[in-house]
Amino acid sequence: MKYENLPWLILFLPLLSVAVITLFTLRSKTVSSLISIGAVVTGFVMTLLFINANGFQFSGETSANWLSIGGLQIDFGLKLDALSMMMLLVVTGVGGAIHIYSFGYMHDDESMARFFAFLSLFTFSMLGIVLANNFLMMFIFWELVGVSSYLLIGFWFEKPSAGDAAKKAFVTNRLGDFGFLFGILMVWGLLGSLSFSALQTTLAANPALLGASATLAGLLIFCGAMGKSAQFPLHVWLPDAMEGPTPVSALIHAATMVAAGVYMLCRTLFLFNSESLHLISYIGGFTALLAALMAVQQNDIKRIIAYSTLSQLGYMVMTVGLNGPTPAMFHLTTHAFFKALLFLSAGSVIVGMHHEQDIWQMGNLRKKMPITFLTFTIGTLALCGVPPFSGFYSKDAILTQALAQKSYLLFGVGVFVAALTTFYTFRLFFIVFFGKEKSKAASHAHESPLVMTLPLIALAVFSFAGGFIGITNNYGSQFVNHHEALSMAQQFTEPFNNLFPMACGLGAVAVGLFLAYSLYNNAAADPLPTKLGGLATLMKNKFYFDEFYEATFIRAHDFLAAVADWLDRWILEGAIIGAIRGGTDLSGRALRLAQTGNLQTYAFLFVLGVALLLYFVLGK
Amino acid sequence: MHVSLHHYLFVSFMLFSLGLLGVIMRRNLLVIYMSLELMLNAANLALVSFSRFNNKLDGQVLVFFIITVAAAEVAVGLALIVALFRKRQSAHVEDLTSMKL
Amino acid sequence: MNSSLIMLEISVIGLGLVLMLADLFVPAERRRFIGYAAIVALGVLLITSLSGNGSCGQFGTAFGGMFINDGLSLLFKQLFIIAAILVLFMAAEFSDKLAAGSVAEYYSLTLFALAGMLFAASSNDFTMLFVSIELITITFYVLVSFQRSKIQSLEAGVKYLILGALSSAFMVFGIALIWGTTGELNFTKLAAVAPQFADSQMFLLGVLLVLVGLGFKIAAFPFQIWAPDVYQGAPTPTTAFLGIGSKAAGFVLLLRVLFTAVPSVTAHWANLLIVISAITILYGNLCAIPQRNLKRLLGYSSIAHAGYLLLGVAALSASGQSALMYYLAGYVFTVMAAFFVITLVMRHLPSEDISGLAGLHQRSPLLAATLTIAMVSLAGIPPLAGFFGKFLLLKALIDTAHLTHNHGYYCLAFTALIGVVISLYYYFGVIREIYWGKNPEDLSPIEISSPAKLSLAICLAGIFWIGLFPDTVLNITNLAATALGK
Amino acid sequence: MSILTYIAGWPLLAALALVVVPRNYRVIIRAIAVLATLISAVLAVKMFAQFVPGANGFQFEQQIPWVESLGISYHVGVDGLNVGLILMGAIVAFAAALCSWEIQTREKEFYILLLLMTGGILGAFASLDLFFFYFLHELALVPTFIMIGVWGRGEKKNYATFQITLYLSIGALIALIGLIALYLQSGANTFDIPKIIEHAKTNPLSLNAQNFIFPLLLFGFGILVSLWPFHSWAPLGYGVAPSPTAMLHAGVLKKFGLYGLIRIALPLLPQATQSWAHVIAWLCVGNILYVGWVAMRQKDLNLLIGNSSVAHMGFIFLGIASLNLIGVTGAVLIMVAHGFLAALTFALSGYIYKQTGTLQISELGGLCRKLPFIGTALLMAAMAGCGLPGFANFVGEATVFFGSWKAFPTVTVIALWGALVIGGIYMTRAIRNILHGPLPEKWNSLVDASNVWRKLPYALLIVSLLVFGFIPKLLTEKINPDAQKIVALATGNLVSATAPGASPLNFVAQNK
Amino acid sequence: MEAINNLISGGVVQDIMFYVFAALTLLCAILVVANPFSRSPVTSAMFLVLTIISMSGLFLLLHAFFLAAVQILVYAGAVMVLFLFVIMLLDLKEEQRRKIKFFGLAAGLVSVSIVAGIFIKSLASIKLTAEPALEGETYVLGKLLFTQYTLPFEIISILLLVAMVGVILLSKKKLE
């Protein structure tokens, strides 16, 4: 492995940037942002250098001992293989674009330096997840990603909704992390190691080692992914997370962090047995469906994209569950491109609209914001899976995988969700960019500056071409024993090898598009609620998950807290300690009643004392 | 029955108990004080009878000391009671309760 | 007969007589100096005794074994002299509150009481026990009621008189019974014959009655009832001397009786001692909780401390006795410090209510600090004298528990612990009043004379010294404890 | 003279020096206090750096006989278990001295007490003599009471002062009885801990004695450490305590009980420890879960962090209860980490209280705007408090989880829930309500920590947390060998004791 | 002297005299403590004198002649005169008859009877040894007092001094 130290640099540069910004340059917006951008862009360049030197098809580790206590050996180690290389590229590449974009987007915010510090912190954490070579390292960065997400969602902390959303995201993630660490402990307890490669070797040598706990351990580990990748039932935080600045949504809640769950599943796939994978795939599928349905009735431009992210993540998880890490990672990568693109374009729209996010206040923006319109269109097409955009290829790979695994139900779900995706994306598309301006802001919208549009264009290029530039090739034999690299032409025509899934996918797109066009072209208000009635209300209210959790999980904890507090306050503090105190005090007051001051009483008590003394010693 | 040590001791004990009774039942300081003298006398009686029956003289020496001490005690005590009476115009124990609890 | 052994006692008595005579020749306004002269003389006696040249340093017996000088008596005599010196200092400060013109008598009576205590420390015979205790008690009748202008003083005197006489009567009767059954008055000789009488009801009755008398002296339950009233009513220097001298005299006699005279009986009374000690601790501490009069509070606290000291007796071991003496040594300085501050602060106040301490830290930081340290030491907190003493007592107790497997000792240890915790409440209440008491009425600074400062310094030095450098004192007390067993 | 004597001695000496400084020389008083603690801290860092991990026996030892007849001596020394604690204590003391600017009445007395407390704590941790161990702890404990009583705040001051005084005194005294019993039962006739342990290797304490002494130590020390259900003094006391006091007590002094359990109870009372381990483990649940819930409910910031600090104690107990190398090491790690953390949180709450005059969470809000530095620090503290990696607490907690997993899986899972979920809930709620949201009008005049001196204590504590969070090896490599010895004594003795006469502790011998 | 000696050493007479004196002593003592006819301290004092005198009779029976004399001289003479003097001086009224508190009375009686009961019970443990043999010769007593018991004797003298000083201090009319 050449340039062995390079990954360390890539990892720690953003951390350095955090340190420098918080310690020295907090006062200067420009310097801070340049440092942060510099760190991630340098990281990207270094990643390219490293890949250039080593290629994709290798596997190596570099590590230093971090903690060593008896049987607990934890390395701070980096695992370098195709999987992490690809993710490294995505994180630094897409991340870099978003960093640059943020420079324009956040330009008027007085806390921009803080923003970039957080952003760098996030990049550091995300790189850590990607590079981690053992479970605990991954958990550490897992948590750090969670907290940087918390910080970024709550960036505009004065907005109560932002604060609430941050809190919700954090706690929900924590629920997932609970399962994750639980699972890690279980695996460690059974296998005695935390390192991925060691675990893989051990398990390969003796698959029965996990024993009866295998399914449980798998599902617990999956809990981590459930939290980070916002899978049902822990999906509720992601839409709320849109309270953060739009670049954050793009970076964290579309391209990278939410993908961490999928990445982690791929990284630790060897641990999962078929039962747990089965369940995982159904959870993924259900999430995809649920989120798509919810997206249909949202009116906030970012929330729609957020639900779409949820839905796409569901796809990926489903695919992993269907034992298809390669298609999952493929979709993850393309999704990173086009979803970041969509978010950033939406951000551009939002800036153009002076921070108006309600799509029913927009309209006809294609004229005012041509570049944004163009990039948004590319993103939309990619998301929907229109050939030859990247999404088409990755989605097709997923559907093919589902079919190959003979999971017809999930295949059906996939197709249906594809249709839904097209429907709600184009709903958004038509309402925002076509029709009439629905508000004053819309008529005064303007195109964003170059520093924002340039990253858009770059992402647009990848969103378009991501499907056939060899992403799957790069995974090589990471997950399968034999893999032949395909030429670009082969990649281009790959879907035609399995016509049925492709046809289904395309059909779904057509149906969705048709419905969206017929309903929303030139629409001034949403016609769907009247048509669907109660279902639309359900969708709009996200199937009342928030309310449900509020009523169960939160209430239960608050109730228990109230009970504990009551016990503490009234029983422990009040009754028991109070009784002891009061009893002592009272007995003091009672006893001294003997001190009447009357000599006769004293003499009597004296004699009584003598009598008692004599009686007890001699009276027997 | 021949009079023996037991008889004397019995008298002494009864005398002591009577003194004790007086101390706790009477309210006049002087009478209480007299009762205390009874108790001391009971001790004297016991000592003298032991002396006789043990054939040792030390008891009588002790009695001598006790009588002297009792006299001294009485002197001081009575002076004290007089002083108190001058202040309080009372020699009753119920009136001596300025300090309590 | 080696009468040179009692040179110390003779000197003290002589000093008392001289002081009484001096009163005739010294003008009224300079009588304070009589006290200082007495202090100097006592100081000389103390130094000679400490340097080993005094008569009390010569070990041996005299007067047919009635009088004994040994490690135990030496230690106690030194404590008594120190206490007396401090009391004399205190009396000098307090003199304007005593009946004017009779200050010199106060000094000499104090010295006679001291002589009684010195004799008590050397008593090895029931006659000596009786006589010395009576000397102490009768002197205290006068000392307690010395403030004739104050009704409380007289009232306290009468209460002490009646109850004291009552306890004397019991004690005398007890001595009569002991002598009657065994025919021995000498402790050492008694020890030899006592085992034969271990079953004799009358002998045991006698011992118990003697214990009643001594229990009264040390204010142990159930004979503690007088303490609060007398502490409250007596002039403060008397209270201090009563709380230390008289109590210590009671303890030294208790030790002699229990461990020299009738060890064979004592060994069977572990449970009795445990119960008495436990109840004494609880009674003193519990009653003190709602108490607002500072002297009365210390009265209750002295009951509690009698209980702690009894732990050392109850332990029935040399280490227990040694711990008792160690504790007592610390207690001397601590209580003296407390009463000294009370004397200085409260001599002009109508009552000794705790609220009178409010603002003390502004009026005199030295007094505030001294009283605080005294309270903290009484509460048993390091690095002060009270802590190491309690530590030793507990250690002795648990040691005995460990050796005898008597679970009562563990219960006693826990009772002591509860007592300590309760006591924290009221001791800290005093400290709280000093430092953040509300509405101080008087904020004028308190003048402290240099002799008073000197004596405060002695007290503080003692408290810290005993707390921080236990080795010296501990060696002495260990030595004293071995004297008992002989 | 051992460096340890200097570390503990400087503050005591400075306290003495302050007695003679006139009270109106405020700057000088403050400077002396800060300087003395700074010297201690620097010396502690030096000592920490010079410490040789895994060396045989204790380092920087010094022994001066004190009461020879009882075998009491002034004996200090460090091994891996206390080296971190002393470092932490010295740094926290320095930070507390710096934070004491908030005290503006009777500074002189306050600083004297603070220095006394500091010296006492550091001495107690360094002490290898049972008596001094206890003695110095008490020496530090009493100033705590006085400081809370005199400089405390709020209406419940008096009640809380008495509560904490009585509670902790009971705890200390129970432990004292236990320690005395231990001294007597050990038969070594010395208070010297290493000697007692050495003696116990050949003459282990009888099972009866162990079963008698262990509960005394457990509950005595447990009360001092706010073990559930003896915890209610802690939030109450910290709620009213002036922040330097709370910092030192919650951060440092409280660890005494835990340290005592590890240093004394584990190696000397192995069988009792083993039979009580599950009790400890389940009591932890009370700390972690129950007190966590109580914390969720608090409306006052200090009560919240007080409760959270109680909850953290649960993890340490869990580590101890697991009785294996990982768990015990983790427990020591948390002890150090929590020291910094508790000091940090109480320092911050003290700052906020000084600025706003209230700690009612409902009255605060949006403070991050006016107090960016303090806000950020509080955020970091909260995050460290809910076990975020990067801070030392995470390392400790994770280690404890790994350690206890094999011994008590159920409890571990409950603890996980407490650490990750409940901790997360109340910490983020607090952040949301204090730092986030709109800033109420009335707080427009707040001032952030502006100059270096004001920022230094917080920065110092955060940096310490981060350093040990990033490089836990600094601590673990020191703790490990000695924790190994303790664990070997606590578990390896089993064979020898059940079969009397068998040679004990082959384990240790082999390990050397 | 010889006659008396013979009389009292004679067995039966001696016994009868014992019973007479003992009865007198106890009866008078009862009247000191609880005289049903008078509550006046004077009555109590007078009966106390009688008690003491009858006790000295018992002393005589026990061959303690010197003490019998001292008893009468010091007690009946000096001490009781002091008492009467004080009573007269203070002009004490009769102790008012108050409503007797039955509980108090009962409790007092019970505790005193416990004490008395245990006293009497302990009588059983006295073993009768030799016949009474001691002759209370004053000479021997005096010798003993001034040899073996010198020290207590001297201490007693201090005690008397203290008592004197005390009495003077306490009864000085003027408080200056």
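Order of writing sets the labels: A, B, C, D and E. Residues in every chain begin at 1.
Keep this in mind: a contact is a pair of C-beta atoms (placed from the backbone, for glycine too) under 8 Å apart; a residue touches a chain by one contact, two chains touch by 3 or more.
Given the structure is predicted, the values throughout are model-derived calculations rather than measurements.
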{"item": "Chain occupying the middle, per Cα centroid", "value": "D"}
{"item": "Chain pair, B-C or A-B, that carries the greater number of C-beta contacts", "value": "B-C"}
{"item": "Centroid comparison with chain A (C-alpha atoms), farthest chain", "value": "E"}
{"item": "Centroid distance [mean C-alpha coordinates] between chain E and chain D, Å", "value": "71"}
{"item": "For chain B paired with chain E, centre-to-centre distance based on mean C-alpha positions, whole Å", "value": "7"}
{"item": "Centroid distance [mean C-alpha coordinates] between chain C and chain A, Å", "value": "76"}
{"item": "Distance between chain centroids, defined by C-alpha means - chain A, chain D (Å)", "value": "36"}
{"item": "Shared-contact residues (touching 2 or more other chains) in chain D", "value": "none"}
{"item": "Junction residues of chain A, two or more chains touched", "value": "592, 595, 597, 599, 603-604, 607-608, 610, 614, 618"}
{"item": "Residues of chain E engaged with two or more neighbouring chains", "value": "108, 111-112, 115, 118-119, 121-123, 126, 149, 152, 156, 159, 162-163, 166, 170"}
{"item": "In contact (per the touch rule at the top): chain pairs", "value": "A-B, A-C, A-D, A-E, B-C, B-E, C-D, C-E"}
{"item": "Touching residues (chain side chain B, partner chain C) in the complex", "value": "9, 16, 19, 23, 29, 32-33, 36, 39-40, 42-43, 46-47, 49-50, 54, 56, 58-59, 61-62, 65-66, 69, 72-73, 76-77, 80-81, 83-84, 87-88, 96, 98-100"}
{"item": "Complex contacts: residues of chain C adjacent to chain B", "value": "127, 130-131, 134, 138, 141-142, 145, 148, 151-152, 154-159, 161-162, 165-166, 168-170, 172-173, 175-177, 179-180, 183, 185, 228-229, 232-233, 296"}
{"item": "Residues of chain C touching chain D in the complex", "value": "376, 381-383, 387, 391, 394-395, 398-399, 402, 413-414, 417-418, 420-421, 424-425, 428, 431-432, 435-436, 470-471, 474-475, 478"}
{"item": "Residue ranges of chain A touching chain E (in the complex, touch as defined)", "value": "604, 607-608, 610-611, 614-615, 618-619"}
{"item": "Complex contacts: residues of chain C adjacent to chain A", "value": "158-159, 162-163, 166-167, 170, 201, 204-205, 208-209, 211-212, 216, 221-223, 225-226, 228-229, 269, 272, 283, 285-291, 300, 422"}
